[in-house]
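Shared between the two complexes below is chain A, which has chain B as its partner in the first and chain C in the second.
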Partner chain A sequence: MSFWTDIPSLSRADLRDLKKGIDASFREFSKNYGEGIEAFFDPLYFFLVKLEKLLIAAPWPIILILVGGLAYLGSRSWKLALGSMLAFVVIGYFGMWKDMMATISLISVATIMCIAVGIPIGILMSRYNRVQSAITPILDLMQTIPIFVYLLPVVMLLGIGRVPGLIAVCVYAVPPVIRLTNLGIRLVDKETLEAADAFGSNYRQKLFSVQLPLALPNIFAGVNQTIMMALAMVVIASMIGVKGLGMPVLQSIQNQYLTLGLMNGLAIVALAIIFDRVSQKYGQRLQAHRYGADHE
Partner chain B sequence: MVLIMSKPKLKITNLYKIFGDKGTSFVSSVRDGMTKQELLDKHNHVLGLNNINLSIPEQKVQVIMGLSGSGKSTLIRHINRLIEPTSGELFVDGENVLAMSQEQLREFRRKVTSMVFQKFALLPHKTVSQNVAYGLTIQGVKESIAKDQSHRWIDRVGLGGFEDRFPVQLSGGMQQRVGLARALATDAPILLMDEAFSALDPLIRTDMQNILLELQDELHKTIIFITHDLDEALRIGDNIAILRDGKVIQEGDPQNIIMNPADSYITDFIKDINRSRVIELRSVMDTKNKGTGDGLSHKMSLEEALPILNSSKTKSFSVVNEKNENLGSVNLDSAIKALARADNEEVAERYK
Partner chain C sequence: MKKVIFSTIAAAAVTLSGQAFAACGSISMADMNWPSATLMANVDRIILEEGYGCEVEMVAGATTTTFASMDAKGKPDVAPELWTNAMAVALGVAMDEGRLHSARKMPIQDLGEGWWVPDYVLAKNPDLKTVLDILERPDLFPAKEDPSKGEFIGCPAGWGCQLSNINLFRAFEMEKKGWILVDPGSQAGLDASMAKAVERGDNWFGYYWSPTEPVGRYNMKLMDFGVPFAGSDNWDGCVALAEQECDDPKPSSWTVSMVHTIVTDNFKTSAPAEAMDYFSKRIYPGPVMGQMLVYMGDNQADGSDAAIEFLQSHEDVWTTWVSADVAAKVKASL
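Up next is the complex of A and B:
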């Protein structure tokens, strides 16, 4: 055994002990605190289940009208609104209505959570350089670490089901909204801020009347990305028991059901396109003042 | 000539600004004569302002002039502390601005000073009306009152009818009118104008100068006006301070600067101006020899006076002030002599 050919390493026994030790202490931790943490997330579970039940129980025409209405409000485009409604009808016609409602409720709750957590963190990052340099590597980690690596501890702590699925989705989907909130605020014109200062604005006034409104297009691009990434996680979330369009896809992989996989996969794509187009159009309208178009 | 100075609104004493992490430690060496270049080469710090002493009279237009990099924009930002000085003192109405807490400073910025910016710095997502009302909104003035106020000022700067437009829909000149209205809307007694008209084309600039002078006739604010344009400075300044490398090299009545430039830099600076239009009779009159007969106003420019002088028999007139008191006399010879450029000897040399 020469120094030059083999990199110095822990002995096999030491390494095994180390891994075992960490595993054991995490297991201990989840045994002791798992229930507490689960209880902490109970309101989330409750909300998620309620929304899902509500969406499934609601008569389908009402959902359709809602979808069309929201799509129109967001994009101000009849084409997009009618297209969305048509896509929903087709998905329902092929028997995926309930799964789609489950997926929509998951995505909606995940997006709301990401916005609620992400925007304040982004604001803090833009205000303090130290916070920015502390959080940026964490965001890098969240976006690059293989999903299964953090899926496991989440499952160990919270078991399988909707809430761990939701958390896994959020971990993956929240970085864009944080990053773009931070970036958007930092990109606000220095002179405009100076003017706000010169007239005696305090931090809150500056934040709410200058920085956030001017950063809104960027923040919204972040929200759009977050929605897309949440949708991309639907299949993986189904591996830990989240119902929805991801579940049949997973089954189709396990059982080689080509058509089942394709249909549900296409339904996810349709949802993604609708969410993306509507939110992008809405984001563009937020920038109307930049091009001199009429505001609202 | 007797110049009655109104009491100083603003007093700046021994103000230094050195940009860099350890600025404070270099103040004493700058005081002992270290130059800007030396400070930059040896210590990598930038000398922004070098021992500024200025007394700015109330209700007058104080112009601060200099080329880019002379520190004029830095200086004006010290007045409302958008930039903190490295050392020195700053008093407004006898109150020490540098001793103010953040809270007091905000109040000071809301009520005492207002500012107009070179690049307008309007809020692009707010309408003209909301922009003008911005200072009032910040102060927590009720929305309806703020709106009334803002519409009044929008009318005053000639933008009536544009209340609901967005800044991007307006031309540069119109945008700066919004900037001016925004600054006036808070009724602050001190108006800071940082190259406010420099970004506008010449005709619009003259327009804006007229608007400012008209408003000043009525409002009597203490205006601190930054510019790099000498014609503009002469046109609107009651008082001019010329800055170079962060130092005031000459300060005072514009007429005096033109008639008695302090050094070659200023001579160079003023050589291209239209002297006949700028120089007033009070600068060329002979105060010992009071003339007789009808008087010309002491504020009359040579351009206007020369034909009158030339066509008169005596080639001489008395000079009077607004109250028709005799101040002295002026004759054609002295008027023509005053037209000669300050670097005239050099030119004369060439034609020998």
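Up next is the complex of A and C:
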């Protein structure tokens, strides 16, 4: 009778013992290997700390020139460069300079790491179908699993602060660049590849001279999405003690400080728009030759 | 279980004279929605039922609603763990008018907020007696970011205590003494930072509150601030406010959270005097409460399971609250 109404399940005691057992073995693992794992990430940690300190200590005009210069180099657009500088001045004027520098240091390192890890994985996935079918579910998991589920174990291993924050950001932000690199390479015309084969190219030549250049629009779309998602994670990262624009947002959520929340939220949006426009323009410029457009 | 209880009551009623029983009658008890309070409510229920022959009805409760109901309607009769800072004025009036009585002030030792360290820190450094002593030793709590500084884990962003911690950090001139204030970002972050440090035997110094499971699990010790409470003008008018609104915070111990076991006048007059006497003696030592909260967390035990566990494993604690006669009755019922 109860078979039809109650789904067969472990008894409460068994379930409890199972949970307790897994928790205990994780604690044991953290006790034994935590220090080693933390030491492994130490170089990254100290790099993050140094970068943040450098950005905060640097005189603001230099940062502004740097921002304008990078924006111009990326986009070759005076409008964008000036707009970026103006946004930075406004953010600084409203007292969010330090937090912004902390956020920028985390996001830029996270983005570089994601790209460095993501593009090779994407290439592997495009080359071997088996790798693709193995990695796709992992990417699905990374994008959907509630963040705190993996964040707390990571914090138990590495402590609160920047490194777990970086890991959290990357876990969430790396899938687009992997997916779109894979997709971009797979979408390259078969005929083009046949032509490359006919010229006797080996795999490496085909990859670097034909596939990657032709896949660039997609890869850049992926990089762009990765940056956007990394910025979206700033507030979540603050929940494990990462300094930056996310902290005041958290504070304002709890206390209904509407203005504080809005200001810091808009500062994150401004950063996102700057990163987005500059990287998109850069991507477009890289492909300008395909459409026979003039190089500006 | 119920059957056992009923049969013991019946047996007891037959064998004993029962003059106390008739006097007690039926009472209602607030069963609050956090672990230490539900444990205490269930222990009280068992002792009142088995020891003093009351009939106890449990009523779900929460701090403000339970107080409002007790104040206005006189029901429930007992609130075992009522945090009264938020309703200090109304409670004072009700007590002056004789509607409510405090049967026990501070029923749990070491309760409230403050700055904590794991017990082994104090064992290894016996010269650390107060917060003031700890503040002289930032080298014991090196910050990862800058090991020449000490790390103090404050309260998560956005909580009321964040402001108090920031202002006390200023008041004690901790920056000058070589400390940095770390914002753990969330309770999960705060808990995990404590868990990580203690699991590895590292030193940890930060804000927490009691009675809570982490305090029990990791044997955290509440530090005496080494300075007295510097007055509520300083606390409410400065330390508890945002940094910009507090120009000159003075060093102070944490404001005291008042917790009472509150009973209604009806209970005080109709229940046997021994029951009031029981409440007046009933203080849970901090570590015992901590152990019980860990037990509840580990075993997902509800209040009544935990109460039986407490009565079985901490006999030395609760038998001092009641007469030998009552203790024997309660023991027989377990």
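Here is the rule we go by: the second predicted complex is superposed on the first by the 293 of 296 C-alpha atoms of A that agree within 3 Å, B and C clash if a C-alpha of one lies under 4 Å from a C-alpha of the other, contacts with A are read in each partner's own complex, and residues count from 1 in each chain.
The rule is short, and it goes like this: a contact is a pair of C-beta atoms (placed from the backbone, for glycine too) under 8 Å apart; a residue touches a chain by one contact, two chains touch by 3 or more.
The structure presented is a predicted model; accordingly, all values stated were derived computationally and were not measured.
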Report task. Go through the superposed model and pick first if A:Arg130 touches only chain B, second if only chain C, both, or neither. Result -> neither
Requested in this report: Please work out whether A:Gly34 is in contact with chain B alone, chain C alone, both, or neither, and reply first, second, both or neither.
Outcome: second
Report task. Check the contacts made with chain A and report whether chain B or chain C touches more of its residues. Result -> C
Query - Partner chain(s) touched by A:Leu214 [first = chain B, second = chain C, both, neither] - result: first
Requested in this report: Applying the touch criterion given at the start, work out whether A:Asn202 contacts chain B, chain C, both or neither, answering first, second, both or neither.
Outcome: first
Requested in this report: Return first, second, both or neither, reflecting whether A:Ser238 touches chain B, chain C, both chains, or no partner chain.
Outcome: second
Requested in this report: Please give the residue numbers of chain C that touch chain A in the complex, ascending.
Outcome: 144-145, 156-159, 162, 182-186, 188-189, 192-193, 195-196, 199-200, 298-300
Query raised in the report: Contact residues on chain A for chain C in the complex?
Result: 12, 16, 20, 27, 30-31, 34-35, 45, 49, 148, 151-152, 155-157, 159-161, 238-243, 247-248, 250-255
Report summary line: Given the complex, residues on chain B that touch chain A span 80, 82, 105-111, 113-115, 117, 119, 121-125, 127, 134-135, 137-139, 166, 168-169, 182, 186, 192
Query raised in the report: For chain A, which residues are in contact with chain B within the complex?
Result: 189, 191-192, 194-202, 205, 209-210, 213-214, 289-292, 295
